[in-house]
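Order of writing sets the chain letters: A, B, C, D and E. Residues in each chain are counted from 1.
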Amino acid sequence: MAKVELVHVCKSYNGKEDVIQDLSVSIEPGEFFVLVGPSGCGKSTILRMIAGLEAITSGELLIGGIKVNGMPPSERNLSMVFQNYALYPHLTVEQNITFGLHTKKISKQEQKKRCLEAAEMLGLTDFLKLKPRQLSGGQRQRVALARAIVTHAPICLMDEPLSNLDAKLRSKMRSEIRQLQRRLGITMIYVTHDQVEAMTMADRMMVLNEGRPQQIGAPLEIYNHPSNIFVASFIGAPPMNLAKAKVLESSLLFNSERVMRLHHHLPSSQQQVIVGVRPEHIRLADTGDEYFIAEVVNVEVLGTETLITFELTKTEHWIARWSGQWNVHVGEQVPLFIDETAFIFFHEDGQRLNHPVSSYVASGEERK
Amino acid sequence: ATTPSENKEGKTEIVFWHAMSGDLETVLKEIVEEFNKSHSSIEVKPIFQGTYEEALTKFNTVAGTKDAPAIMQTFEVGTKYMIDSGKIQPVQKFIDEENYDIAQWEKNIVNYYTVNGKIYSMPFNSSTPVLIYNKDAFKEAGLDPEKPPMTYGELKEAAKKLTKKQGGQTTQYGFSILNYGWFFEEMLAVQGGLYVNHENGRKENATKAVFNGEEGLRVFDLIRDMYKEGTFYNVGQNWDDMRAAFQSKKIAMYLDSSAGVKTIIDNAPFEVGVSYLPVPDGVERQGVIIGGASLWMTKDISEKQQKAAWEFMKYLSTSEVQAKWHVKTGYFAINPAAYEEEIVKAEWEKYPQLKVTVDQLKQTKSIPATQGALISVFPESRQKVVKAMESLYQGVDPQEALNRAAAETDRALEIANKK
Amino acid sequence: MNVLRTFLLYALLITCSVVMLFPIVYAFLISFMSGAEVLQGHIWPQEFTTANYVAAFRKVPLLEYLLNSFIVSFLVMLGQLIVSSLAAFAFVFLNFKGRDVLFFLCIATMLIPWEATMIPNFLTVQKLGWLNSYLGLTVPFFALAFGIFLLRQHFKTIPLELYEAAQVSGVSHFRFFWNIVLPLSKTSLITLGIYSFLTTWNMYLWPLLVTNNDRVRTVQIGLKQMQTQEISTEWGVVMAAVIVVILPTLLLLFVGQKHLQKGLMQGAIK
Amino acid sequence: MNTPLPVQPPASVQIRRKRTMRTTLEGITYLLPSLILFSIFLFYPMLRTMYLSVYLTDYQGNPVQFVGIENFVYLLKDVNFLQSVKATLLFVCYTVPTSVFLALCLALMANEKLKGIGLFRTCFSSTMGMSVAASSVIWMFMYNPSIGVINKVLSLFGISDVQWLLDPKIALVSVAISTIWMNTGFTFLILLGGLQNIDPSLYESARIAGVSYLYQLRKVTLPLLSPTLFFVTTVSLIHSFQTFGQIDILTKGGPMDATNVIVYSIYKDAFINYNFGSASAQAVILFFAILVVTFLQFKFGERKVHYQ
Amino acid sequence: MAKVELVHVCKSYNGKEDVIQDLSVSIEPGEFFVLVGPSGCGKSTILRMIAGLEAITSGELLIGGIKVNGMPPSERNLSMVFQNYALYPHLTVEQNITFGLHTKKISKQEQKKRCLEAAEMLGLTDFLKLKPRQLSGGQRQRVALARAIVTHAPICLMDEPLSNLDAKLRSKMRSEIRQLQRRLGITMIYVTHDQVEAMTMADRMMVLNEGRPQQIGAPLEIYNHPSNIFVASFIGAPPMNLAKAKVLESSLLFNSERVMRLHHHLPSSQQQVIVGVRPEHIRLADTGDEYFIAEVVNVEVLGTETLITFELTKTEHWIARWSGQWNVHVGEQVPLFIDETAFIFFHEDGQRLNHPVSSYVASGEERK
């Protein structure tokens, strides 16, 4: 078990622009820490710095309380799944998986055992004797994963380890990885693009944007209390609906076209705010609800749920997400209802305005 | 291998470095074997060391160390070099000690290796240049195959007749000389011309090349004139190319080493004639210089080994051995008595041409010119002469070409004398 | 279109093969001719005679020479592969101060005219007491800038991630070198192996210098022993010897090629 | 490798210094065999050569008299040496681009996936199995004006006797041609290896894009082959500067020094004429000449090279 | 616009096992056709065969009605996004994107224009001058995508083109690609693991398993009417809950532990069936519902929704999916309700039993 700390870490590839800017975070021993952020925001770079594959431009990296900025990767005692797998093309799957285990003074039997275990878990048993080039993309990725798993290193770095797997396998892998991590007490630093992965696996997650940390916290906290509009729109799919609004007494005025009445007090004295609401909080108005009518511009039936894009104003479209398959037609006018408590307010500059912890109640009303 | 004076069986070991390859090596080995058999206390070990140059390079680096051989074969132009090296033991010492009768050796051969009245090395494989011609071609051209040209005039005349053309293309040339310094030296000597000053460097160290005098010029003029007339063929500087040209009837006459005569006769699909080197009209024939190589004894070996080496050398010069050597290789016998041996007679019966080569040598007059030049930079000088010969075909004036080669030889001599 | 292209390609391939092979075939044919035939410039022997081969083997102890050449070439090949791959590995994967300077220094050794080093090296070998031994014939050639350069170029094409992955697994440099870099560079190693073997096999002057007896002499000396200067060379015999001498190397090349093909088939690194 | 972490974090500077020390040491360890051998068998002789180049030497190659730069001065004024320089440069220009180009063409052809391609690959690389000595002898035969095949073939086309090795104007070209033939096998093999190392999916992508063969060659193959190309050109360049064997056998530097390249001239001076001083001076000049060329090649050539 | 037909296509890499077995499908001009299936099932292989990069072992491939089995890729006039990108490492992003355009006789300006357009669309504008190795994984993938887009080839093959992108960018890309495909009338053959992609983008999709097509049809049809348990469990995340059951009169008996009553007739006279129900159809029982009580074994709160794993029988766990964030605890006993119409029945061998088209009604009841 090892703690990983980054203290004011900066990274620049070309000596001019910083790819990572002043990142400070402390990852607890045994924690499952997830990094999310848009493509190119620096996630892989952070992993590579922790692994020691990339020099740290400034700041300090501590593992287990010891500064390791200059320590070679081999001494950091960690394992890593590379985004592009980095399999040894001339070794069989089995050899790829067990490669490097001997340095950990693990007996041949134990190596074999771990390898078979991991292969079993990842559905690679049939491929143990093949070379990487004979594998499909997803199979290769699983080999990379197996290689990291078998080491049982106290710190494990994974860079989008499941991106090439199908949903079913992925969900299986999610829980397998999580269990393994718990069982072995590994400190896990995990990069993903998959919201479900982030939400289900993370103890804590960090949202990054352009090399700057945006928010660090438990997944639900981030989901429910995004600290700025970047996080709000990045976490959740489809993303949170956002729109600029003028605050007129106790009403919200969107683009001088649509008014919504509020019963509660407004979070601040701002005249101009950004209002956010998650798609699942926009529902079809029941009788008695204070509804508003909007025109449907797009409908996507996903099987499990239906996404309805409607016109908030002439220029702004919002999405509502309804469970199940709905037979709504484009051009239809539908009555919609938004629970007032579902609104989240942001300052014009993007920062969250009110941050009343747990003021927000899940729409699936709390049971009992 | 170390050079202990005695090997395991208590025999005195004599390491003998030579440059004899091909059939020559086979014959040499046979002779050595017979020697070893007949001399129970001595074992001669012949070791091939590459070409003369390569062997000499190697000798150079090991001379004076335990890796040096007891006997070293060196080509004739290395004579002065070996003497100067200070690593050799003149054989004169043993001749004097034993009062060995050197009169049995062919005087014209020994002459070459005699410097300041001292015989330095034991002549071994010796040859001279001869004119070789295609008798069939002679007949065809209406020439008498038994009367080969003896003078430049006759040569030119014959060459003209022998040159055949076919639609603007020459199919057979009259004459050719290899671009090799040795032939030039011989053509010079046969006229009595010197190569370097101070009596060919035999009186004292040579300081100047004199081969660019009238004798040299005559040779160059001959080549230039014949080349211009289209009766002379440039065969380059490779012996085998030259012979191939002759065998394939590209040339009808050329100069070759006496040692090569037999193979030529064997391989040619026509009758081969052998004759003396031609001389310029009106110039008296002086004879030829000996070519080939001799055996040197090194200094830094034990007394016993020197004795043994001398024993071997003496063995080599016996008439039986020399007869065998002559018959099997075509090299001269240094001991003329060998020519009286049965096998030689039988051979001459078969190859009457061989006798011509011996006669030419016998008729040679002992003057500094035919004794050969004694300079240490001979190889370098030869390169210069070759270049001069080559430049003739490019239309360079003969005198100019000669002068340049002489000047370059002078510089080499100058540097060498500084050492 | 496609057929035409294939056809043209084959035509070209065959033409080129003929041109490339002609001299070798020619030598082969000459080796069956009698001396007179050779000098008369025939291309096709009137009748195939093996006399030349018999003569070649009789003249010099070719078989012993072949064996010596084989041992020497093999040792040099091994030595060069080991020494060069170690150095090339350091130049590509180990990042230390002065690396580039050292590399250029290594490359610079390629520039040294071999003629300039021969005599001093001979003296060195003599001082070490290595004359007439396989040591003297092999050790001076173990370090080969060319080999280092060749392997370095190849190592550089190995994706860096593989190195990184190995680093992360905590694998030692040597193990990475041994288990990953070498197997991945099979083609280059085979190429270099062939190269070292052949160049050593073809060495003449150095073996001549450092050996004084037939026990350790190599086959090229034997070849030279068959050619004469003043007396007509028996070309048939020489060519027969040439064929005997190049046969093992050509054979090695074929075998090496086969392995190369296999290595190449398994293909790219990525 | 797997040392336990130190309990007390030492001063970072110290760590770093230790680390660089260690990596340097490790690097040196890998290089040690090469370095030792190089020092003994290359650097030491080279230094000795430099030392000799300012001396007059005796026949054994021992320095007898210090002459300073006289050897150099003489060389630079000597027409023979200048001719050698010219011959060397011409020879390099004839052989290097041609053999690399030819080998590249062959490699490209042999890189196609065709039936029996292995046989052709073997044919193309076969010259690699030939020693310089053996090949030269064969070529000498072929060049022979009276019995050589080349002239026989040419005479079929009505071209009369060409004196391949005896005409100063074409001798160098003739030697160059045989050299190219000898070098092609090896260059071919290396280039083929380089070609096969290119990621096939890049070709697949190009095939789908439908670009022409030449375009693909120019834009994909050659750039990706550049490390190998760089290697073979550098090596060919150096080798070409040092060509010796074929000259010795084919022309001995003649006719009229037309093929007397510097290395051959060094050889003659050192081993036939025993002018070690002058030979050393030439060796030094040659060394620095190649050094400059190679340096330029690295400086400008490697910039265009794309690794990985 | 070109039609792509595969007729009894088989593919084997090693001459022994078939990786693709007897595949026949006809893809209409202008259709957006999605291939889904577990990792290693042969999706990439199919694309590569269509592209002409892989020989077809047997069967016929027709493009625009013409047999093209032996036609070189360049003449097939298609573009492709490779799973591993296949970027030219020595070319800049811009050169990579415009590579090969000249063969289509496109002027330099037009090339430039298209390149900028695509770069704009994919957020690559800042990277045009960089080399691939300076890009992050997602950026590289976008370059590969841009390269395929700019050709405007009538057939486009994409192999998991969005797997390395974040959700937000991915959803943007989804609609961009779809629009582009519609606008240019491209025939698109698209491999993905992402359910949302498959559902939202496909006109039709094919589910593959172990080289054998399982079902071809419109996404919703496949979602609602999976033709066997493989498709049922593969499409939908979390997958459909499945369990063996004995049919006793009008009840289902699970593992002799749990009984569920049915009011409608059973689909067949089978004694032993496999019962499937989608997680979203298992809801918290309202008062009046015919509920059953189950113990919760796991809860995953995903922000938008909550996944509740409960014990159907001692050995079988089912998952329920509820919209919103629910505060359910592990070990709790919850009353659950499943609408009878939501059950799907399969034969023991996995084949669908009843296939009454549109007998199934969305749980989100149809409006009006």
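By our rule, a contact is a pair of C-beta atoms (placed from the backbone, for glycine too) under 8 Å apart; a residue touches a chain by one contact, two chains touch by 3 or more.
It should be emphasised that the depicted structure is a prediction, and the values quoted were computed from it without experimental measurement.
S.K.: Please report how far chain A has to rotate so that its Cα atoms sit on those of chain E, a copy of the same sequence, as a value between 0 and 180° in steps of 5.
M.R.: Here the rotation carrying chain A onto chain E measures out at 180 degrees.
S.K.: With respect to inter-chain C-beta contacts, which pair, C-D or B-C, contains the greater number?
M.R.: Higher C-beta contact count between the two pairs: C-D.
S.K.: Calculate how many whole Å lie between the centre of chain B and the centre of chain E, each centre taken as the average of the chain's C-alpha atoms.
M.R.: 93
S.K.: Whole-Å distance, chain B centre to chain C centre, using C-alpha means?
M.R.: Averaging C-alpha atoms per chain gives centres 38 Å apart.
S.K.: Provide the C-alpha centroid distance between chain C and chain E, rounded to the nearest whole angstrom.
M.R.: One centre to the other, that is 56 Å.
S.K.: Two or more other chains in contact with one residue: find those residues in chain E.
M.R.: Answer for chain E, listing residues that touch two or more other chains: 72, 84.
S.K.: Please list all residues of chain B that touch 2 or more other chains.
M.R.: Expected reply: 54, 57, 61, 244, 247-248.
S.K.: Enumerate the residues of chain D that touch no fewer than two other chains.
M.R.: Each of 1-2, 61, 144, 146-147, 199, 201, 271, 308 in chain D touches at least two other chains.
S.K.: Quick check: in the complex, which residue numbers of chain E touch chain A?
M.R.: Chain E residues touching chain A: 13, 36-44, 83-84, 123, 134-139, 141-142, 159-160, 163-171, 193-196, 199-200, 219-220, 223-224, 233-239, 278, 280, 284, 300-306, 321-328, 362-364, 366-367.
S.K.: So in the complex, which bits of chain B are touching chain C?
M.R.: Those in contact with chain C are residues 1, 15, 21-26, 45, 47-51, 54, 57-58, 61-62, 65, 67, 127, 239-240, 243-244, 247-248, 257, 259-260, 263-264, 266-269, 291-292, 329-330.
S.K.: Residues of chain C touching chain D in their complex?
M.R.: Residue positions touching the partner: 6, 9-10, 12-13, 16-17, 20-21, 23-24, 26-27, 30, 39-41, 43, 82-84, 86-87, 89-90, 94-99, 102, 104-121, 124, 139-140, 142-143, 145-146, 148-150, 153-154, 156-160, 170-173, 187-188, 191, 194-195, 198, 201-202, 204, 220, 223-224, 235, 238-239, 242, 245-246, 249-250, 252-254, 257-258, 260-261, 264, 267-270.
S.K.: Provide the residue numbers of chain B that touch chain D in the complex, in ascending order.
M.R.: 53-54, 57, 60-61, 63, 81, 84-85, 168-170, 179, 234-238, 241, 244-245, 247-248, 250, 376-377, 379-380, 383, 386-387, 390-391, 393-394, 408, 412, 415, 418-419
S.K.: If we count contacts the way the header does, which residues on chain D are in touch with chain E in the complex?
M.R.: 199, 201-202, 204-212, 215, 219-220, 223-224, 226, 306, 308
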